[in-house]
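Provided herewith is a single structure, encoded as structure tokens, for subsequent inquiry.
Lettered A, B, C and D in written order, each chain numbered from 1.
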Amino acid sequence: MIYFQCDYAEGADAHILSRLVETNMEQSEGYGLDKHSIRAKELIKKRIGRKDADVHFLVGGTETNRIAISAALRPYQGVLSPDTGHIAAHETGAIESTGHKVLALPNTDGKISAPQVREYVMEHYESPTAEHTVQPGMVYISFPTESGTLYSKEELKALRDVTKEHGLYLYIDGARLGYALASLKCDVTIEEIADLSDMFYIGGTKCGALFGEALVILNDNLKKDFRYMIKQNGALLAKGRMLGIQFETLFEDDRYFKITESAVEKALRIRSAFEKKGIELWGTSYTNQQFPILTDEQIRKLEKDFVFEVWGKAGEKTIVRFCTSWATEEENLKVLLTAIENL
Amino acid sequence: MIYFQCDYAEGADAHILSRLVETNMEQSEGYGLDKHSIRAKELIKKRIGRKDADVHFLVGGTETNRIAISAALRPYQGVLSPDTGHIAAHETGAIESTGHKVLALPNTDGKISAPQVREYVMEHYESPTAEHTVQPGMVYISFPTESGTLYSKEELKALRDVTKEHGLYLYIDGARLGYALASLKCDVTIEEIADLSDMFYIGGTKCGALFGEALVILNDNLKKDFRYMIKQNGALLAKGRMLGIQFETLFEDDRYFKITESAVEKALRIRSAFEKKGIELWGTSYTNQQFPILTDEQIRKLEKDFVFEVWGKAGEKTIVRFCTSWATEEENLKVLLTAIENL
Amino acid sequence: MIYFQCDYAEGADAHILSRLVETNMEQSEGYGLDKHSIRAKELIKKRIGRKDADVHFLVGGTETNRIAISAALRPYQGVLSPDTGHIAAHETGAIESTGHKVLALPNTDGKISAPQVREYVMEHYESPTAEHTVQPGMVYISFPTESGTLYSKEELKALRDVTKEHGLYLYIDGARLGYALASLKCDVTIEEIADLSDMFYIGGTKCGALFGEALVILNDNLKKDFRYMIKQNGALLAKGRMLGIQFETLFEDDRYFKITESAVEKALRIRSAFEKKGIELWGTSYTNQQFPILTDEQIRKLEKDFVFEVWGKAGEKTIVRFCTSWATEEENLKVLLTAIENL
Amino acid sequence: MIYFQCDYAEGADAHILSRLVETNMEQSEGYGLDKHSIRAKELIKKRIGRKDADVHFLVGGTETNRIAISAALRPYQGVLSPDTGHIAAHETGAIESTGHKVLALPNTDGKISAPQVREYVMEHYESPTAEHTVQPGMVYISFPTESGTLYSKEELKALRDVTKEHGLYLYIDGARLGYALASLKCDVTIEEIADLSDMFYIGGTKCGALFGEALVILNDNLKKDFRYMIKQNGALLAKGRMLGIQFETLFEDDRYFKITESAVEKALRIRSAFEKKGIELWGTSYTNQQFPILTDEQIRKLEKDFVFEVWGKAGEKTIVRFCTSWATEEENLKVLLTAIENL
């Protein structure tokens, strides 16, 4: 069987493994105060063009969202999110477990818009009983979204404007950030992501690392005492250098971007193959996730040789997901492309 | 400089690294449902002689304590702990952040006793206003303790009895469990640890793994839906196999115990060297942490070549800590022993 | 100005005030252990035909919901509620602040149905990644609903069945319970409410008391240690007898039901007046809240002499709310009826 | 039996009851926006000489502490308190249930001192692993303390200085504030309490009200959005005027202070009676609580006619508590004084 099920089915990019092996007997400070972590932070700050940023390395995405969001909100505040947002749909109420309500807005292609946010916030403050409802304190979006789609620079700017205008934070979940930035349809750079948000994270787990996410804090108000938050949440890794070494490796020579670029290129070849075959795709993903809408028969044929994920229903047909990653081998890809051609 | 500062200064036991490299391109289920995690769980269950146990792999100790304790307690319950216990002293209020008070009892050599627990619980229930105070719901101990000391089998049995008698859970923090079990002064086996507790964890991070703790749940009441707890706390690793592979490696051929045995043997040579020199040691640690009480001059001499941790004051003198681990090299140890001899 | 804005604009039923005055210099135990509280509990248990019930007096509705729901749920569980439910819409995230997500289902006339609940629960458990989402642990409904509507006995039985079948608790918010039971359209008794739920509360604040809600726990699993929950939430009134005296007064001679019956009768006269005038009403409320849909001109006319609440929009027109209560005077009601006639 | 057990055994000062009766049929805004609440706030602000203060009326002391403290602290912060402080000892972990650790310091006569606070805070920040421990964010004291004792102006100023110096809030629990201010040994005024703290509350429940505490916020940083906090905690009373009317009554003509002055005067006569008899008193209370240390025989004699509380052990003897209040009748007091004389 060949797996296209997700982008975390294998271990890590070979450079990362080598580096872990090379550095294994080095002795270093614990809890992320080692030289690899320090250097990795410098590399990231340089790459995003923001020397003033604070960078923290965390293990996983849900953990990162939990800590980042609960650190930013006042107890009575909630976070606006598309209803398909990871925090709204797939984190077992992690945000609520910290006391904060996720205020879900209906998504369009996985996204929410500045006017939606504005309307929600204004309705809240115009209500004579505003204090009987959760105060919106932050906007959460994923980039790319859980559906593989992208916000345009204009859309991001509009969200930035509306959040600034109303005193909300803008936080970007970049679990698959590399795949967004590698997409030809993406019109923002990582520098712009940094300028347009108060916090965002650069996903490692799904982009070639064994594990790890780099949370980048841009807004000064959010920086203070952040390591206390990490420790309290049980997320301060004793051997923090494991994270430092990985991100150091990913941000030397822009390896992070090369890894994701290659994966996106492969994903788009899958997309083309389906399109050529006249098979419709759900949504408009130009990143590493592709969502063809298949008949039962097509599924039966493909699942003989390939593992992929069932995503949902579309009338009689089924939406499925094919993912590529740093680990997708050219050879396996070709087998898939041929299989699609022969559907 | 030679580090004896802690037991997490290096990477991981070489077998673990090799195994990660070997398995890197395997494709597997995410979230700990892979074959390595499954096999590692089987190995552990077999080793502790409890097929009925549930085993969950988590990343770090504070995370494990947070999740285990908050899963077990009712909202108005607290956890009894020695005042030196990790949850009481070094987790930034992680337990309190889940809503539960740590009820600290004065320690003796890092330990609390069954009579202390009994007295606390009885006073609570005898009070006419019991409901105005936190109800004790669990006893937390570390084995070995944060001071490197051990509970005897008799002491553990007494704690088991008193907790059963009063309906409390007994939970054992085994961050350094391997070093306890490897000590010649230890009169319990891991099978007995399992039989005498409701939950305990087998520490990986400080015993040779890159990271990882294996939480073992023995009490049926605590097993239900535990993976929801893990996910909600942001601790369900996408590439869960990283944990599975490590514990598989550690529990093949009893590698875990060999690693810690070697470290303890080295620590006791350090202990002997200090004793021979007539230098008193704080507490009675026969595990991998040794706490000599040094004069300022002795410290000055040793800190030229060695890194070690300041632990506290003892009159005019200072308690410091020397740690050994899987990574302590014989050569470095010898340099230290000579230096002690020449103090 | 004459107020029909809400059912908590005045103080309390005269009998309650007299009783507070009469008993003022009595000396009694604190924290609800006084004889009035004890007697009030007995009266309620007798009235609902359940000697096995536990009754606790609390100050307000949000407080009661917070405590009841957080006492019942496991940390990773959420509570299903109509999206118009008080806990979903008007409690500033009180439930989330205890760590639990409100799982909002689309309402019909303020209600949710057993099939909706079944579908949600089954989808949850059929998902291969159930543990990545919040587990439904309870169904919350209001009776009457926030829209003044009623569940039929059949609908309640169906909800009882589906919750039992799937191991969920059924909790009924009875902030205005008296007005439901007093409605001619209501086909359940308070005894049946008790038999069909795991917990419910009998609202005092909106039904003639100065303040106070009587939480009734039927399910044995929910009874243990409940006073700890109350105290921890800051809701154990020192002078608990204030609550006991009020509920004692309300449940002597069925005063509670007489109070609400009179209010409902007045509300239905308002309803009839609007209907006679050909003015449509929103929803199907046969309790103490009436929601006529008015033109701007009609509103302008009525707001000269009356205070009422704006509820929402209905196309060009506006839904407003008129409430009656124990305090609605016949004289004032007649002025309103005449005004409606002359619209 | 004559009760001297506590200061909340009866209802309320007669003026309060009358006022509730007089205003009963007034129609008013809900949720504390009524004219009585507004006027009561003005009276309090005037009385404490701080027009800039925010005043909020809450139902009980634990509720007030919970909300005030959790509103002020960052998630990883704790609150320093004497180990005898109400939040440390008698609130069922209410503070911990909001996620914050109570950092208990050893008390002297119910009090903590500025040097104790300074030492704790400096040790915290000097630690290289500060972030592994809870950050102190606030100092909580009670005035008078739970032992009836008073801080001198000098002591309060020192606490004010040390908290300002280190960026901590100073919060004063005034559950029995009136009894402190009425004591001849008290050298601070309520105006000074306001100037020396960031927040404090004026206790009503134990000082003549049916229930109710007035939280006064002085520090601007703590004022924003406070009503959201109240609502989320289920503490926004629908008929908020109940609180407004009571505090209006208490702060007209300084009634609050007259009530407590009379009680303290009576308590000191009890104190004198014991002293004259040669019976030692525990601590140095010059407020409404007196703690004689009695033999078993003395207790047996007194408990025939009087109810009082057992407070603790003092060697072979027992510390008990006699409380006076607004409701203590001269006649009953005389019976007690005679009984003491005849011990």
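Observations on the model:
Convention: a residue touches a chain if its C-beta (ideal position, glycine included) is under 8 Å from a C-beta of that chain, and two chains touch if they have at least 3 such contacts.
Just so you know, these numbers come straight off a predicted model, no measurement behind them.
Across the assembly, the mean Cα position most removed from that of subunit C is the one of B. Between B-D and A-B, more contacting C-beta pairs join the chains of A-B. Measuring from the averaged C-alpha position of subunit A to that of subunit D gives a distance of 50 Å. Between subunit B and subunit D, the centres computed from C-alpha atoms are 42 Å apart.
Inter-chain spacing, taken between the CA centroids of subunit A and subunit B, is 34 Å. Multi-chain contact residues of subunit B (touching two or more other chains) are listed as 75-76, 91-93, 97-99, 129, 131-132, 135, 228, 231-232, 236.
By the touch criterion stated above, subunit C contacts subunit A in their complex at residues 75-76, 78, 89-93, 96-102, 129, 131-135. The touching residues of subunit A, counted against subunit D in their complex, run 31, 70-71, 74-76, 98-99, 129, 131-132, 135, 225, 227-232, 236.
Residues of subunit B touching subunit A in their complex: 3, 6, 8-12, 14, 17, 20-21, 23-30, 59-67, 91-94, 97, 205-206, 210-211, 228, 231-239, 241-242, 307, 327.
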